[in-house]
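If you scroll down you'll find the structure; I have some questions about it.
Think of it as A, B, C, D, E and F in the order they're written, each chain with its own count starting at 1.
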Amino acid sequence: MTNAGNELTSLITSTPQEGRDLAVKLARKSIAAIQTDPEIRKSLRKSYAEDTAQLIASAQVVAVEFQTIAMANNYWK
Amino acid sequence: MTNAGNELTSLITSTPQEGRDLAVKLARKSIAAIQTDPEIRKSLRKSYAEDTAQLIASAQVVAVEFQTIAMANNYWK
Amino acid sequence: MTNAGNELTSLITSTPQEGRDLAVKLARKSIAAIQTDPEIRKSLRKSYAEDTAQLIASAQVVAVEFQTIAMANNYWK
Amino acid sequence: MTNAGNELTSLITSTPQEGRDLAVKLARKSIAAIQTDPEIRKSLRKSYAEDTAQLIASAQVVAVEFQTIAMANNYWK
Amino acid sequence: MTNAGNELTSLITSTPQEGRDLAVKLARKSIAAIQTDPEIRKSLRKSYAEDTAQLIASAQVVAVEFQTIAMANNYWK
Amino acid sequence: MTNAGNELTSLITSTPQEGRDLAVKLARKSIAAIQTDPEIRKSLRKSYAEDTAQLIASAQVVAVEFQTIAMANNYWK
């Protein structure tokens, strides 16, 4: 996975696990694109990490991002 | 990305990062198509940028728009 | 786009922008199919156009409708 | 569209508009499969037809069902 | 449909209607996988079967499961 | 299914049922990636396992993850 910086340079990953990690990263970056203040993001973090409805909604975002990544990698077949 | 104006002229982008940027832009334009008053949109902005449930819902919209853009670009392969 | 009337006759559009417009139109028509009274729809309009959670949910509907339209148009490639 | 009865016999429709109609019908049948009492469904109807959040959520269901139907019909091309 | 037992052995169904039935079944099994106590599930049933927002959310799950099943059956064409 | 450890090494499963099991596992791992404290996750568990809205939302995540897995396995055909 060659997306160490802030720019997304590729959807290709070596393994499905790296694909999952990239999906989580993309979900986080979407939120950072809307709430650009890192201090506010930090203060908000506790509110969703202990709210199961929001944890489930976050998992839904990861699922959609992962579907795209899995397609890009031809499902690592 | 040749979508500098208000019209969406193409889903093709040079890089995955530009695809992410376009996905965020499309999500924003959808909201502007429904709430057409820019002053009201501005006043609403704070309410969702500090509400984690809405930030997560916004990230979901970006994920679906990005899936379409990624397909259009054959995943930048 | 040859969908000027009330009937959806085609998913094919000339440009991506017309595809976006059609996606918004389809989302609106779904709501009109459920709430058939135009007066009630009009009275409801303010309640969602100033509620960011509902604006984001509307943008999600547009994103899914647009994905279908983009596929139909082979992403306007 | 040859789905006049209660059984879904085909996803193929003559026109995109018939595809939209089938999508709405499938969404309604899903709800009837869970809440099987038609009297209760009738009494519930008003509560969602005047609640914009629920109207938007219903439109989301229609959008996903329509995507499947559009794929089945090769987008009526 | 040869999924009479508790194990999902195939996504292939004879008709679209059997595909719908399987989609509802899969949605129910997902919930049973998380809330494993059948008595609690039974007691919860009334709360969502009379709550339109939850009925609509359930219909959304069925729509996504059905999309997968329809793809698996090449849309019964 | 060769994903016994914490790493996701493959999306390929022997049967559709194993695909369902993997979908549930991926959904759970997404939540664990966001709420990393296992004690807090345990304490949160009761709150969503008895809340039908959250059970339905969880089923939606499973449906999307399963769609990806089903595609990867060519629908076990």
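The rule is short, and it goes like this: a contact is a pair of C-beta atoms (placed from the backbone, for glycine too) under 8 Å apart; a residue touches a chain by one contact, two chains touch by 3 or more.
These figures come from a predicted structure and were not determined experimentally.
Following the contact convention of this document, no chain is adjacent to both chain C and chain F.
Under half of the residue numbers at the chain B-chain C interface are used by both copies of the sequence. Computed centre separation for the pair chain A/chain B is 16 angstrom, with centres defined by C-alpha atoms. Taking each chain's centre as the mean of its C-alpha atoms, chain A lies 28 Å from chain C.
Residues of chain F in contact with two or more other chains: 48, 53, 57-58, 60, 64, 67, 71.
Taken as a graph of touching chains, this assembly is arranged as a ring, one closed cycle with exactly two partners per chain.
The touching chains form a single ring; listed from chain B in the chain C direction they are B, C, D, E, F, A. Note for the complex: chain D touches chain C at residues 15-17, 19-20, 24, 48-50, 52-53, 55-60, 62-64, 66-67, 70-71, 75-77.
Against chain F, the residues of chain E that register as touching in their complex are 7-12, 26-27, 29-31, 33-35, 40, 44, 47-48, 51, 53-54, 57-58, 60-61, 64-65, 67-68, 71-72.
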